[in-house]
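Here is the structure we will look at.
Letters are used for the chains, namely A, B, C and D, taken in the order the chains are written, and counting of residues starts over at 1 for each.
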Amino acid sequence: MIIVLKPDATQEDIDHIVERLKELGLTPHISKGKERTIIGAIGDESVLQNQPLDILPGVEKVMPILKPYKLVSREFQKENTVIEIDGVRIGGREIQVIAGPCSVETREGLLEVARRVRRAGVKLLRGGAFKPRTSPYSFQGLGEEGLKYLAEAKAETGLLIVTELMDPRDTELVYRYTDIIQIGARNMQNFRLLTEVGKLDKPVLLKRGLSATIKEWLMSAEYIASQGNRRIILCERGIRTFETATRNTLDLSAIPVLKEETHLPVIVDPSHAAGIWNYVPPLSRAAIACGADGLLIEVHHEPEKALCDGSQSLKPDRFEELMRELRKVAEAVGRSL
Amino acid sequence: MIIVLKPDATQEDIDHIVERLKELGLTPHISKGKERTIIGAIGDESVLQNQPLDILPGVEKVMPILKPYKLVSREFQKENTVIEIDGVRIGGREIQVIAGPCSVETREGLLEVARRVRRAGVKLLRGGAFKPRTSPYSFQGLGEEGLKYLAEAKAETGLLIVTELMDPRDTELVYRYTDIIQIGARNMQNFRLLTEVGKLDKPVLLKRGLSATIKEWLMSAEYIASQGNRRIILCERGIRTFETATRNTLDLSAIPVLKEETHLPVIVDPSHAAGIWNYVPPLSRAAIACGADGLLIEVHHEPEKALCDGSQSLKPDRFEELMRELRKVAEAVGRSL
Amino acid sequence: MIIVLKPDATQEDIDHIVERLKELGLTPHISKGKERTIIGAIGDESVLQNQPLDILPGVEKVMPILKPYKLVSREFQKENTVIEIDGVRIGGREIQVIAGPCSVETREGLLEVARRVRRAGVKLLRGGAFKPRTSPYSFQGLGEEGLKYLAEAKAETGLLIVTELMDPRDTELVYRYTDIIQIGARNMQNFRLLTEVGKLDKPVLLKRGLSATIKEWLMSAEYIASQGNRRIILCERGIRTFETATRNTLDLSAIPVLKEETHLPVIVDPSHAAGIWNYVPPLSRAAIACGADGLLIEVHHEPEKALCDGSQSLKPDRFEELMRELRKVAEAVGRSL
Amino acid sequence: MIIVLKPDATQEDIDHIVERLKELGLTPHISKGKERTIIGAIGDESVLQNQPLDILPGVEKVMPILKPYKLVSREFQKENTVIEIDGVRIGGREIQVIAGPCSVETREGLLEVARRVRRAGVKLLRGGAFKPRTSPYSFQGLGEEGLKYLAEAKAETGLLIVTELMDPRDTELVYRYTDIIQIGARNMQNFRLLTEVGKLDKPVLLKRGLSATIKEWLMSAEYIASQGNRRIILCERGIRTFETATRNTLDLSAIPVLKEETHLPVIVDPSHAAGIWNYVPPLSRAAIACGADGLLIEVHHEPEKALCDGSQSLKPDRFEELMRELRKVAEAVGRSL
């Protein structure tokens, strides 16, 4: 790391900093410039995560050189991670669309949607049994009953299941029913939950927090990876900004940034970002053109009566049409779908 | 609620909306203006939380009239909630300062800080035993050992304890040791955790999420209140903005807004907002002048060696001086400290 | 507009509001619900732009029904505006790419870039003669000399010219040399400048302000249109958010939102949004897939030596390749390029 | 500056960077660490403002060491700048309140407000003759007529005048009537306007842009200072965030940050930040407690009928009371008012 000193730092200040660096196992190199003295500290920068060097007398700022994440970084692993589940590959040339209702509401409704998305070419079914809702008075999900309906849909259609885990106490239960464990945006920094899923042998779909920087998001992925589970799918779902025309602002720039920084697959959830169903098709096409490895799209057989996020759900017919549109865009950028 | 129709909405659209409203138990009133037709729907607006009326054909926008929170609203309870614990009152005329280290690190260090803040006039000691850290490689807290040190500090100094609960599985453990249960910013929308503490009979200090609107924050308080626990203290701790000169942007406007919207006490954490210790004193004075009922301030006996957030911790001497400054400001606004 | 009253509003309050509405030429309709009284005010809502009804005693909130912009709204004009200049059409089926250096620096450099982008199929050349720079010590543009080089490039290549106007005092000068007048992000709410270009008979490219909502952006377009000039091209160029991995966050959701709200053409500037050249190709492809009518891309023959924004400029070879990629995406979404 | 190389940077890359640095007049120092090679470049860092070193092959990031502003920095001038106009001192021990209507509307109204704020102890009168309004259909100010009313109010009450300049073409006109020239938030990066007022011999009140970082704000002050005018007053007026309960989020942390970074006086405008009059008193008290050198407060004799920003204006009686409250807070922090 680089420590920039204040213009009026004294020799005593410098000696104190040098001593402190040595205590921390770092090797200091002093360089006196015309306007500033700089101390380079060679060694393990992770000590910075615990030790506040910026408050030592005479220090103006401390600039880390290395990135705080390791296992998930492109530097650690050059080639892309491709996650394979029962022959379905995420992160390869083929783009995967995960589709289904926001929440599992009825057995019949779920089966209908499952059949329709399956027919449209989808291989992964989404549906929430445990729902994080802003209001305590909103529908909170069917719990295990919802998981059972998902299992039934899988048995009938062969679709793989993606469902959310909200509480470490439900880990075993959700694990039993799902193929991919979803961690929602509001739990991106629920570090205890990350630690739990890091110990499992099923892939984790990690949504970006509403106001998480890409760096923080990768640190959350690192939490999971550091426990042993490296099968992580990152899902961009919009960030919070001042703009109110859409529910959140979909940050598609995150795709090329992540492709540089990490080897993990990156998918996009345009439904939650937009909050309005008719913005979902253009944003889906854009995500594919931008390099996403997949999409997470809400489809409901009767959005008017959905108990959760009906406004942003596509009807099965519109979804089928979207799949055709996406296939053309995928081909235009050298991918398949 | 008010439903504004599109200029080209047909009679069929109107009939369909009217029918849907009646199904939901609402009474529709149609009003045809020169430029827009408007439908007022009288009845229980909370159906909106589950039902997406904005996607019905012909609808331009749906505007709720009522607030989504009830129990925590000023409308529900006009007089201020004052929380009393062993004779210490939060939310009354007297301002309460909660002080202590970010994390409990050593028995001796904690005791030293406890004695010093006690001497400066403080009645509540803070200290984290479970720490939510951005990096899996950072110090994660001492766990139960830390809780025991807090209990020892309480036994010696008489200070009440405020400590964080991160995981529903630790509820019983933390409950045993603490007087006020802190819910951290990253868990403000951990709805399962909110539900747990809503069932307890100890006050909850609920920090605002990094990117939570005041409305969402009050909805999280409503989660707790809806379970029966109405002793909730709201803690503003800075929101995420584009400005990088401070760690977060302390939103002091939230104080007068909350004083209007809710009857709950409001305190301010300038340490986490600023991220830099020398901005803490001016922001603490400002919070009191703005009407805060209390402060949450980090104090460390040796910030240079703190394992967590040392950069933003005050040394005991500076803290004592700050307490003297705060007393003057409190008096200037008709409060005591 | 709808005026929602406080639960404790008195009859006197209501009478006063009714009287005030009548004074403003509006017709009030009172509707007493179980929890709130609501007053609907029928008539010209634009009085709200000057008159603060929300501070009348007893008022909880005032909700406008209509949109504040007229001439630029889709309601005012259903069909898309297509701007034609010397046979080049913006806003039609064909996508237009505007390319060139951030600032005009040397005659030779500009001519080289002009020839290269021309050869790649471009019809419009960008280049700044007046540059708004954050620092007074940065290169501020060549002024009229730069405009002359642009004219020379036009004469040689036939490319139409797009260049920025920063100061109302330069209006005549810039008008003389350019085909499209660019208003930069920092001047989106320079209302005097908007008024000036609103009086001209050349198209205006209006960039979105760094922190402008889509509504404010359309209000700025309305400023121009209200003076008579309705040939306005909207250019999304990234908004300011907390994320620092890119210079700004490109808001592609703005494209479908604008396509609904306005009849004006919408283009995208991925170079300024990203700030880093290698993110420009994926974001360009995404913009086209999302429905943009065009792109504004920085191309420099020698980015390493650019005096302005070299980091985000593509070299001519990479740009040519990008044009080939974009053509495929354009076709995939039913457009041409 | 410090240039951090990518882990796979080649010797050829290093040679090229070294050569480029030498061309720019900088002296490179190479330091090879275990994980990264770093090049320190000693010399004038301002070359960075024009030259993009981050795109040279092998470069991971470029970190500037020095601050981009000079004349306005605390490093350049240690002691506070105190601006004196006809015996009124801004930036000294005494706090100055600038009060008056948002816009000058009528002669009588202005005179009434002027008399009332004068009586409450104020020495500076604000009032806009040229108003930047979001809508072209809103009241745009009285222009020179408004300036004349301000002159009359000054003649009668002795109050100094603060009014806004929006357009470089009005510089001479506004200069003639005002004592302090206000540059509004929307013009903070209108660099031509900054250059104009930088040449004048009257103080400039520079409002922070809605989404300007503190660094950018100081760069705008540097624009003014670089032209010779160093009598600059910085005015915090709220920044744009996701929170909608207030018009903007008042960033009081900016006060201690600025007090460290610059020698210029800092005042606060709580009226525009809050947008709602009853939040103005607590925020005013907070600003003083936080170290502000003054306030800019909107006062209107009849807010209900104000043509601009009536919702946020205090009535003269409430303002008088506020002045009494502020005096107590000022004394509590060792200042006078």
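Assume a contact is a pair of C-beta atoms (placed from the backbone, for glycine too) under 8 Å apart; a residue touches a chain by one contact, two chains touch by 3 or more.
Since the structure is predicted, the reported quantities are computational estimates derived from the model, not experimental observations.
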item	value
Longest centre-to-centre distance from subunit C, chain (CA-based)	B
B-D or B-C - the one linked by more C-beta pairs in contact	B-D
Subunit C-subunit D separation of Cα centroids, rounded to whole Å	26
Centroid spacing, where centroids are CA-atom means, of subunit B and subunit D in whole angstrom	31
Centroid distance [mean C-alpha coordinates] between subunit C and subunit B, Å	38
Sequence positions of subunit A contacting 2 or more other chains	211, 240-242, 244
Residue numbers on subunit A that touch subunit D, as the complex places them	2, 4, 7, 29, 31, 33-36, 38, 40, 42, 63, 65-66, 75, 240-242, 244
Residues of subunit A touching subunit C in the complex	211, 213-215, 239, 241-246, 249-257, 260, 273-274, 278-279, 282-283, 285-291, 325, 328-329, 331-333
Of subunit B, residues touching subunit A in the complex	20, 46, 49-52, 54-56, 68, 132-140, 166-169, 186-187, 189-192, 195, 210-211, 216, 219, 222-223, 226-227, 240, 277, 303-311
